[in-house]
Amino acid sequence: MASVLADRLARVRAHTVALAAPLTEADAQVQSMPDASPAKWHLAHVTWFFETMVLERFEPGFQPHHPAFRVLFNSYYQGVGDQHPRPQRGLITRPGLAEVLAYRSAVDARLQALLDAPPGRLPAEALALVELGLQHEQQHQELLLTDVLHLLSCNPLSPAYDAEPPAATETAAPLSWLAFDGGLVDIGHSGGGFAFDNESPRHRAWLAPHALAQRLSTQGEWLAFVADGGYRDPRWWLSAAWEWLRAERIEAPLHWRRSEADGPPQAWQTYTLNGLVALDPHRPVVHISLYEADAYARWLAAQTGQPLRLPTEAEWERAAAAGLPQAFGHAWQWTNSAYLPYPGFQPWAGAVGEYNGKFMMNQMVLRGGSLATPYGHSRISYRNFFPPSTRWQFSGLRLARDGG
Amino acid sequence: MASVLADRLARVRAHTVALAAPLTEADAQVQSMPDASPAKWHLAHVTWFFETMVLERFEPGFQPHHPAFRVLFNSYYQGVGDQHPRPQRGLITRPGLAEVLAYRSAVDARLQALLDAPPGRLPAEALALVELGLQHEQQHQELLLTDVLHLLSCNPLSPAYDAEPPAATETAAPLSWLAFDGGLVDIGHSGGGFAFDNESPRHRAWLAPHALAQRLSTQGEWLAFVADGGYRDPRWWLSAAWEWLRAERIEAPLHWRRSEADGPPQAWQTYTLNGLVALDPHRPVVHISLYEADAYARWLAAQTGQPLRLPTEAEWERAAAAGLPQAFGHAWQWTNSAYLPYPGFQPWAGAVGEYNGKFMMNQMVLRGGSLATPYGHSRISYRNFFPPSTRWQFSGLRLARDGG
Amino acid sequence: MASVLADRLARVRAHTVALAAPLTEADAQVQSMPDASPAKWHLAHVTWFFETMVLERFEPGFQPHHPAFRVLFNSYYQGVGDQHPRPQRGLITRPGLAEVLAYRSAVDARLQALLDAPPGRLPAEALALVELGLQHEQQHQELLLTDVLHLLSCNPLSPAYDAEPPAATETAAPLSWLAFDGGLVDIGHSGGGFAFDNESPRHRAWLAPHALAQRLSTQGEWLAFVADGGYRDPRWWLSAAWEWLRAERIEAPLHWRRSEADGPPQAWQTYTLNGLVALDPHRPVVHISLYEADAYARWLAAQTGQPLRLPTEAEWERAAAAGLPQAFGHAWQWTNSAYLPYPGFQPWAGAVGEYNGKFMMNQMVLRGGSLATPYGHSRISYRNFFPPSTRWQFSGLRLARDGG
Amino acid sequence: MASVLADRLARVRAHTVALAAPLTEADAQVQSMPDASPAKWHLAHVTWFFETMVLERFEPGFQPHHPAFRVLFNSYYQGVGDQHPRPQRGLITRPGLAEVLAYRSAVDARLQALLDAPPGRLPAEALALVELGLQHEQQHQELLLTDVLHLLSCNPLSPAYDAEPPAATETAAPLSWLAFDGGLVDIGHSGGGFAFDNESPRHRAWLAPHALAQRLSTQGEWLAFVADGGYRDPRWWLSAAWEWLRAERIEAPLHWRRSEADGPPQAWQTYTLNGLVALDPHRPVVHISLYEADAYARWLAAQTGQPLRLPTEAEWERAAAAGLPQAFGHAWQWTNSAYLPYPGFQPWAGAVGEYNGKFMMNQMVLRGGSLATPYGHSRISYRNFFPPSTRWQFSGLRLARDGG
């Protein structure tokens, strides 16, 4: 068990470093907005997590790698103590990237030594925390990419993180529907393998008959919404969404750019990790807020006369258990479920009890996983969550429909 | 039917004027914060609602009372057209209070004339909209009181809206619990009498076993939370709540005041519509945000070792259907349910479709009714909603507990 | 002396009440922006000044009219003690207008009793402070009008403070110049009659040869600046001015309104104390910031090839001493002099030392007097001052030119 | 002439690169606040100045080094065109530091080739603009240091830009005074050598008798002000200063830190380019705003009974012409003169006309030069200017006194 974990530790940790490899030291340093973090901070913080949650508790004779790191790289754990202010993460130019990579190596070596302990010497809790650290690191792998994308998107030179052209897409099939009967379903983690505390306990929920789109909504479909003036008509928008749209002067998904002010549809481009590319009408739309996803559903409902809406997380999970195309690997899928505790929810004990539970307010659930989600990280009970105005994540939309 | 409605119209409309009677013209003019509205605006806006939603559509030869009022007193109906900006409601010193009262009288007379029509001449939709206008006016009766309370609370002279001393309370019983089995329940408006669109459709929900407190939490109980340093310990607070508490320097419920900086518990007073009075330990605590209610439940759970939390709205409604003490007439009761559409929800047709549906985001549900809610206005399926930081309403707390 | 002062006291105090007479209680209550104050507050504050600066020190057996007023109506005198926060002046609905008028009457009676003392019994300092109180009240008479104008301008119904049509103007003469030699001049109050501390000491200054326009710039001349795109061309604007203009979306003087978006010049109207009226091309432009006055001078300099600019306060004062048309009674005239202490400046002793001196930073000097300045209040050494972005005052422009 | 200039060009340009040598790529990238700029931006912008102002106009067959740089590294020249938004300078991670250094080298080579032209071939204006570019670069050399100091000061690890310990200071002499008679003086650049446009024209000014301190105020003297509660007493502070102090929670000069909350004076440290060091009571105080300098003078005036104040810029310049100790090389010295045009001021022709003139509002003049000012860059007519709240510059204080 511990040696399997040791191998996995080595692989996951190396993958993070590989993701940061295309970055210059300057790229790795900058925080482009308070919601994002510098890549260097991600590299250090996930290491801090292992040092603080695992080594500090289980390593004999533990000494901190650097006495200041406990505060400097603490994200939000009040139980651990003070934190460097989040909006100022980008001001910490020292330690430099090389020192952070050395910090990673040192902690990796100490973790591997710990895992080398004779079977049974290391408590199961230590192994569980190492696994949690790996899951945590995978979450930051995705954040590292979304944060780098946001940073580079602020540069008028439109530099590419990855100069490879994006893979070709196949033609999107016409939108069709998977119908589901109503009734009682069981939702939440069923017990096998790792899951976050927020996926438990597994519990019952009653669903009314409904259908889910068999694929995500595409950039081409979204373009029709834009072209129809969807962003200028208050009928489609929630009140909070309309205020947000006007305050932020939102006119299209994040990273969409029109070459000419009044150009034709083909003039739209989108900024990606591969640089600025033409919209691909067959690819799922991403970088939309829940506000936009919800408005799109209302607009399309009016166009088609169908009772369209966003799915709930229970509907999504039941369908994914039955088999749902494009569940993973394309885009996180907004649901119209608020991120709230499941009935009987208990956060983990100890400092990691702050991992998920204290964020259960003012956020909406996304399900599935995106092109930036590490392979094998997500699962059908996985609950991602962000405020409804969030756009810098790879967030997209799968439609739902009332009735079977 | 129409004559019953005509009587009710006269009574409800007169009650609003009576509520404003203790106010000076200055009191009625001022908007103390963007969330609140001037009393004069409330008096005018509810009249605008009747004029725009009823007279404009059903009165033969309709002429507006004043051409500017359509915009001036439109709250948020995009379907009606432009609106005077909400934070600037208090700047409209003219029309004055007398003119607004004259506007009320004129619209009342026209409504009564409309309702005098021979039976069957007035479409059922017109009668339904008059009823909606009355329900709407009752909602603003409560808002008028909460907004006046907020305004007067800003005055260091602590003037009283109502100079009568508050009624004496009985002794609060020790906290006890009403246990409920799990299972399928039906939630939502069951069809008899008026209800808002957001209470429909009636639908099934699955509940786990739980218990609800048989009364609301009291000011005396809350004082123990304050005295224990509850407002200074991040363990009890959601992340968003802790940020809010620190940014706003929250140390106690809204309107609580300590006579001396380090005085004893009995030194706490609270500002009410009757002026500044001593805390009454047996009376329900009010003017707390959901953030505070949630933190209190966590704190008390740690004190008592019980799995305490806020109820969900389905739990509350099922219990209220079975019989729940202090359901109405004391304080709106925060639930931990997000204000989201019921499965299959459809907003009303026409302009009044904006009444409730477009606010279904970033708000939490409160159930019950307060001392300021007009008698007979609320019901067990009633869904009140506010953002989780809201405190100027008469909002309180009923605890729930996992397990039977 | 004291009886002359008593007469003057009665007249000045009555004039303030007369200025407030056209206001409803609601008009008198509202604070339309933090820089402005409610008319009721002006009525009370000037009374507070007499009570605190005169009665409290010189009335035998002084008792405060109301114990809370000392804080409530203190504007900014740290030496007196705490102050009610300036942006919250409009929230004080009680005491009401009638109580404030009663406060005025009571203090007036006590002041008259004080002034009735036998000759020689009242110290000269007391008389001087009464005179200061009258000068102070006259300043607030003008502020009351500018603040009411701002408040009513926020009302889309465009109510008039004074329903009389504005007086007809004569035809403005073509712009001509009064030339002045360079050399040493004496500036500042020369000793006769009342003056504020900031007008002293009289001192020497060296002036280069220059000329001043013999009249103020007119609305008609300003219209040419607007029509030429002057508000959209960064060449004419100081850096801080250009940032301000863009942030505030400034396109014309405050209170100018275009009936149609692309209407002809004659379509411009301006909101005044007499309501909305057509621009009068012969009348001086008012409600311009220093930023706009400065930009206009640069634009006109480029149009005409002349070295145009704003005058300095020393140039203005020397010219006014020699005789300067339109020095008083039309508009305060922006100078390009910062409001700083004269060489050897000493603030008055005691609490009134805060009257002027502590504002000598971040403000620019205006000279002359406006149509709203009480007759006889201003003088050639008078220094009015506001931040360079200020527009709600009756502020206009007299051009200067380098060289004789 | 051109070859002397070529040598100077090489030396000044190399010095900038040397100043940046201790910085990591991360240090050079980050913008710690909107007022500051990244070191990399400074390196690029001063190069842009040469490319745009000199090469673009005078190099035959000019081609831009990179087409995007014209906007990217334009600071504020509207005449040149668009500018990358100032607060987003730190987001431009590419071009990287190496590319910027290559940009520098390329432009240097092209400038040297231009200067190699046969005598008389290059217009005098070109030579003047090269000289202006060098003066401009020297200004940015100082800004680079102040901006790096600010950035590193945000790091809780307190890294040093320069690990050398600060040079020892001599003992500060007791404060004594240099007395000056009143009368007419000539102020402004007298014509020899380079000067900025804002130092002209030379003109007369009348001064009253006064004295200037023969040295700057020291850290030790300032500590007495802090210890006496000077930062908590509104009597000493201008109104705008007191608001600023309270809003920003100012308690001591920028970069002063108290090891223990209530420690003794010797517990104060100050963060410098050499890292965190003990206060040196004999060294001039730096990193104070004008607000603080002014308050200190008022406090000391009350302590000593002397009419102390800040000097005017004319007083400073006249004294410097006569010989003023510590005029240069220690700290910029706040004057109580607003930064306004001299009588008859004309900005330079062309794009460089925006260099100084458009900032003549809302700023106060500093005279002299600091330890970070390049040797030989300043002069007695030099006018530095910043808003009165500015603290991140090396700004200090020389007292003045009314009377001889």
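So that you can tell them apart, the chains are marked A, B, C and D in the order they are listed, and the count of residues begins at 1 in each.
What we mean here is this: a residue touches a chain if its C-beta (ideal position, glycine included) is under 8 Å from a C-beta of that chain, and two chains touch if they have at least 3 such contacts.
For clarity, every value in this text was computed on a predicted model and none was experimentally measured.
Chemist: What's the farthest chain from subunit B if centres are computed as the mean of the Cα atoms?
Modeler: Here the answer is chain D, farthest from subunit B.
Chemist: Where the centres are mean C-alpha positions, what is the separation of subunit A from subunit B, in Å?
Modeler: About 36 Å separates the centre of subunit A from that of subunit B.
Chemist: Using the average of all C-alpha atoms in each chain as its centre, how far is it in Å between subunit B and subunit D?
Modeler: Centres of subunit B and subunit D (C-alpha means) sit 57 Å apart.
Chemist: CA centre of subunit B versus CA centre of subunit C: separation in Å?
Modeler: 45
Chemist: Quick one: which residues in subunit C touch 2 or more of the other chains?
Modeler: Residue numbers touching two or more other chains: none in subunit C.
Chemist: In graph terms, with chains as vertices and touches as edges, which category applies: line, ring, star, complete, or other?
Modeler: Its topology is that of a ring.
Chemist: Using the touch definition from the top, list the residues of subunit A that touch subunit B in their complex.
Modeler: Per the touch definition, subunit A meets subunit B at residues 76, 78-79, 184, 203-208, 234-235, 237-242, 290-291, 294, 307, 309, 336-338, 340-341, 343-344, 346, 358-362, 388, 402.
Chemist: Within their complex, state which residues of subunit A touch subunit D.
Modeler: Checking each residue of subunit A against subunit D gives 24-30, 32, 40, 68, 71-72, 84, 88, 90-97, 151-152, 154-157, 159.
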